[in-house]
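Beneath this line is the structure, given in structure tokens, with notes to follow.
A, B, C, D, E, F, G and H label the chains in the order they appear, each numbered from 1.
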């Protein structure tokens, strides 16, 4: 496309249809637009129907509302992450159709598409019930992108046998997001059992020497299970986006 | 195999060749062996020709030699990571064919296979020349598994334009491993430019408030670029294994 | 039970009542159930009438209510730890028989059994009155398991002579749980005076450079008194469970 | 004894054999000796043939030699912990019979007694070969006290099935010391599988975000497995002493 | 001036107009007054019409009101930083003309002067909308000193092309204040693109491993872009004052 | 006294007035009582009219009320430190004569004695108005012990000349307590100017990289001014008690 | 220039001297070169004869030699920072003209130019003699850029009067770099006395709770003196580059 | 003195013996000299024969030699602290009379004076033999100032009864310096037993979670024993200087 544009510009100059100055002025703006375009393009392939996501901390309700409205005019689903209950209340007054998940601080505008039951699935696994909000953030971000999600909850050390029960589900997934607070042990165990990519998410669930998720984060970074990768504490959204990158890769590279 | 064993046990019982008690005693030990089998199986698909890797810290030269010899008898390539120069010297005396890369502490026994030039490639990118040892660890682990690696060095902030020069290479890769010390900024920039999975590796290069790589690690965990995942400081091996998981996924899922 | 099931399966095969394939199919699912069984068994000996305990942080009131009701149908006493006052209020509305200890965040459903006055006792010792909530958590968890508890409060440095006064009680106990915030000195002193196992619990009582219990935790981990062991900050429950493990040991080993 | 001494002093006064002043002078020194006695007594039951142990860091070779000689005159076995290779060399020159284990920094003077094969055993388990030096420190401290030790090495996540293979050994032990560096996951897994007391020892094995054992320490303190207790990083000696406290308890309380 | 005063004192003594004692008494107080004067003088050149600023944390509303009234009697504009909403409410009751910016906690008394459109400008750049409050603090402090400010918002990694769009504005500025939370990457990128002084301000925007701005702070301190300087987390005021120092330098040095 | 008691016991035995067993029983309890007595004695000299102080965190209002009432029955002034506003409200309902200083969390029961204007004074110096609550805690604890206190506020770096103005007051004091948040620089400056003992108190005033007072604490611990000593963050009480120790020393040593 | 190049390209096309394809091919490479050029341009103005600087950590002697030789062929002075003594020895063997300053780890190739005695000066101030190596790094980087440097050493708290003695020198400088370890107090004091820009450099001089310079860093970030900016621990080079940015600004903006 | 100088200057002016300009020139230099003088004066009272002390880290052997020679020409005893063995060797070559204590890194030039046996004593107490070097630094600094020092070693938790044995010595001292590594418990215990000022010195003795003395430091800062003050880790010199301040106070204030 851009290539064509440059060619056509040069051709029109070559043909004397436009002046050097005119062409120069247009060319001058191209590098950035090119870059811009490239980036949008790269994102387009990444997102493939992915929802637009607003990171809410530090933004006022008014700012979030304005951004959400603008994005909603162009996308089927828009999400907001880490929104406080107070900000959510203000937003709901202005945009009553807003859905709010208080535990995870997630905002949703629009209808989550239903996934093709034959499509590839991502397993979203939690160690404990307390990790559910982060799993919800990851799952909804994936579902908003049309991805089929298999939720598996509460299979930590105390329920290790339940993990073994669901190993079949894990092995049928293309990516596994494993979410754990406190000691953060579960992702290491899962990564030792499956060969697929495992994205570990530490959560701030715990107390005392969990230091708001630091303990779980360090456990995961030091995992003896080779090939585990980690995202920020409570970052369900980031894990979902990493999963989308891996899935997009498959789509792009193997044909489409 | 195991499946066959259970069948044959049951058949021998069914045929009256052995007693219930005998069969029970043998079955009692099977669950773990089964699990063992399952785990080996999962690893097999993961490794697909991957080298065996020995984590050297805390092990004596004698222990490493013994393990290396045992593994070498079964695998074409065996690697050792994070070996000190002193330990490496002792090992080379006993096993003169050992190759040692002092900067990265990597040991190699056996011949790195040459990669198929048409196969998928992994880009291994560093921010600075000082990050090269970690890149070497990642690259050799990948190459030992038969993966084609594209090395791109020294494209940090001070050489951002060089990064743009190689964007084509990045976009032709299936995974991008980005390695940076000091401020750890590069992976965020790369992940903002490409849609493929990006695995970030912080390094301990730096001084003062880099706190041995902590600064770079935190930068990467807090990245504004969505979908970046992170491994431990200086963990080139872990990044390579994560890349193998992602590539194996592609092979398995879109191949079969 | 499980053992019997395997036997009966094999017997039915041996008798020709069922086919090899049928039996195989049933056996295939057993390993995990076996493991499950093993774990429950190991826990049974551990728990010996121990209460079931729900870790509340991150769970909604609804989730806690559902779990509590399910557990209560099978156990005489069910506990919940680290519940916030707000969550407790919601739970009490649904389950009015709930007892709530606000300082320690402990929830109790059911009747704490009265301990046999001749049975072994555990000493639960605090350095200051501010450490009482953690002591309460430890004591109630032990009492819910039928253990006799001797509470000794406020015997820190400022009251060292009071500690000496109660040394007799300590020496008559089988385990001593010592709880201290701020400088966390008390467990070292106690462990220097008694020969029985001492479990140290740092608390978050303090301010400034206590860093929410970190100072007390480090003091205990670096104790010059040999053989002191430590649990997480404010983890009265964990200390109680460690005491149960030690006591169960005694029963099992010196009983059989 | 002391009791007898006080009685005999008082009796000699009562009989007029000694004067009030004489008796007063002797009694004046008793309170501390009493306390001393109490403490020695409590330690005696704890130690029951336990070796005397010298903590070497910060002490000169000369100081260690002097202390060792004094202790050796009264005990069959004397140990020194955390001694540097340089200090050990100086000591061996003066005391050639000194045994030195460089990896663990352990010094031994005297003959480790052989344990009664029918006596209770302690399992000392490591996650990786690199954790062996700490296991050696724990094991030798126990063996010097006459305790039977079962060593189980290298059963971390990558060898979980091997852990299951040795579960029988664990269940036949009275205490289990579990030693792990890097992610420190193993003690949680073990404590989830056995009912006996588990003492967790984090090690400084690892690199990067292991922060010299901090990651493993935090994992263990936040363990989801109830009743796990923890000692300082690399503190094999402390774990052994905790095990001795638990074993001594059994001996004292159940009869002898 | 002072010099003249000393001279005139000495002259009056020399002329016999005043006694040695009188002159001595006056001289005795001079050193500190001199120093005092020097400091005021140095500040005067620094401030050049700068607003007086009250640091509010730890002060009561009553204390702030008293200080503000005193300062307002002498200055056109008085600012208060980091004031809580509660304190601001109390202040507004007493001083209704108070303006309060809740997000940044900034209080303003008096009229911000309008800047000369031909004067030098400072660029105040943010990575995300959430960083706006800190930018507001910096901008208003500058504007209160009569400085022309160019605000550029939301040009972080996700909007890098927008940064390139505004590079002209940056290059026309004399100082660039760059404000970023989370990964804190933006100042490094900006400092790599412009030659003017860049003052980096980390913000506490983020969650998890951002550790309240620590991650962004460390990123900036370790920047690979040479010559970047850093102020405290959320310290928009400090960045403004640093800019004033640089601008004053220019005026003083190239003017006289 | 105690000495006399032992003598009289022994004499009564010697005289046959009491039996060996009786005397033994009484002696057995003496060591601890002796110790108890010694400690009370040492404290008496320390406190010399000092107020009793209750550390409130972690205690319920009921517990504080009970302790305060008991102490008030024996002492003229009783203080409570670090009490929350909520707890204070509950206490005031029960004990309406309670005085509460909300900023410092200080509770006072009873009448602060007026100090002898000719007695030695302690200077309590703050860097900023925000440090006043901690200064108030220190000053009231001293005044409750009858000590004359000279308060000097707001003489930080920005008002260094004011510090020089009050140097006379400092030099007339026997101890100087210097209180500072943020950069914690003031105590170093004061200790460089005066020869008397200086006790430094870091405060939690600040934001961002002050890390709740950690920055000020570290500054003070690393002071280049020789002989500065430090107490915990916000610990005005501790500084007052250290001053009392120094003053008591003088009284004891040069008086008795 | 570039502008001219684009114009001449377009003109040659317009004139029919070259084909659309040829021009397109050349233009295709321009955007990055443009960017490159822009960056070089911005750097040129920044550097104005500044030395090229190699950051040595993590680079081998061979790599440093190769880079130094390449840079030396184009620049009068080339510097290397943070080089170890061992690496420096290897480099000196290959490049005997290398100058090495062991304390600061600085390498210099080429002749430091002598500064114009009438040019603007930068004051480089240290708190203690131990901070000299960092001051040397800053000074030599400035001198290599032709800047006149005034070195002022050892004017910390213990020598505050010496600081006052040199205040004249400070006030005649355009930038002041203040370097301090341990408590890091000096930059706050200097910034309180002068109106010029002050760049603070914490050093790792100290022990114990200096935590390798962290204490000094935090002191400086929390400075009560407004407008102080900070660079990384021991980063003399960074401070010099910040000073160059400020000086370049003056040159660019006020005339040339 | 100074006062006299000013008077005499003014008088000579008043008498016409000197001109206004002459007097002005002399007065101009006085303020700093005055300040200088004041500080020397304050130090003189502090030091009262105290040795001059050189802080060695970061200084070269040459620098230390030069400073030592200059100081030695004016003082009977000069000390150097924290000198490395390598630096000490170089110094001894140049100044053979140098005494060096390797464990504590202390250098001494000159003859330590012998203390008056009737003078006040300072008790220097260590928890373990490993803390001796820090005690040596404190003791020698005190002795060099002519203070009588009572050394009490190795009275930590494991030897608490020995502490009680020496309580008499403690109570006869005017200040008690208590030095402890690992858990840092001893100062709290001592401060609970004596009424005199207690200065606590944490040491870096320990391993693992002692974090180079941080654990001991935090323990001491959070001490429950009121009135304990703390200096930096391993800072024996600072504790000695604090003791000198307290002792000087006594001398000055109580009569002489």
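Structure notes:
Just so it is clear, contacts are C-beta pairs under 8 Å (C-beta built on N, C-alpha and C of every residue); 3 or more make two chains touch, one makes a residue touch a chain.
These numbers were taken from a predicted model, which means no experiment stands behind them.
Listed here as common contacts of chain B and chain E: A, G.
If you take chain B and chain F together, the chains in touch with both are C, D, E, G.
Ranked by how far their CA centres sit from the centre of chain A, the chains are topped by H. Here the CA centre of chain C is 59 Å from the CA centre of chain G.
Averaging C-alpha coordinates per chain places the centre of chain D 39 Å away from that of chain H. Each chain gets one centre point, the mean of its Cα atoms, and the points for chain B and chain H are 55 Å apart. Residue positions of chain E touching 2 or more other chains, listed in rising order: 35, 39, 128, 160, 192, 206, 208-210, 214, 217, 221-222, 232-233. Touching chain pairs in this entry, ordered by label, are A-B, A-C, A-D, A-E, A-G, B-C, B-D, B-E, B-G, C-D, C-F, C-H, D-F, D-H, E-F, E-G, E-H, F-G, F-H, G-H. The residues of chain F lying in touch with chain E in their complex are 103, 128-133, 160-161, 164-165, 181, 203, 205-210.
Partner chain D is touched in their complex by these residues of chain F: 6-7, 10-11, 13-14, 16, 19-20, 23-24, 27-28, 30-31, 34-35. Chain C makes touch with chain A in their complex at residues 32-33, 35-36, 39, 55, 57-60, 63, 67, 82, 202, 204, 212-214, 217, 232-235.
Residues 127-128, 156-158, 160, 182-185, 188-189, 192, 206, 208-211, 214-216, 218-225 of chain B are the ones touching chain E in the complex. Listed in rising order, the residues of chain H touching chain F in the complex are 38-39, 42-43, 45-46, 53, 120, 164, 167, 171, 174-175, 192-199, 217, 221-222, 226-233, 237-238, 241-242, 244-246, 248-250, 253-255.
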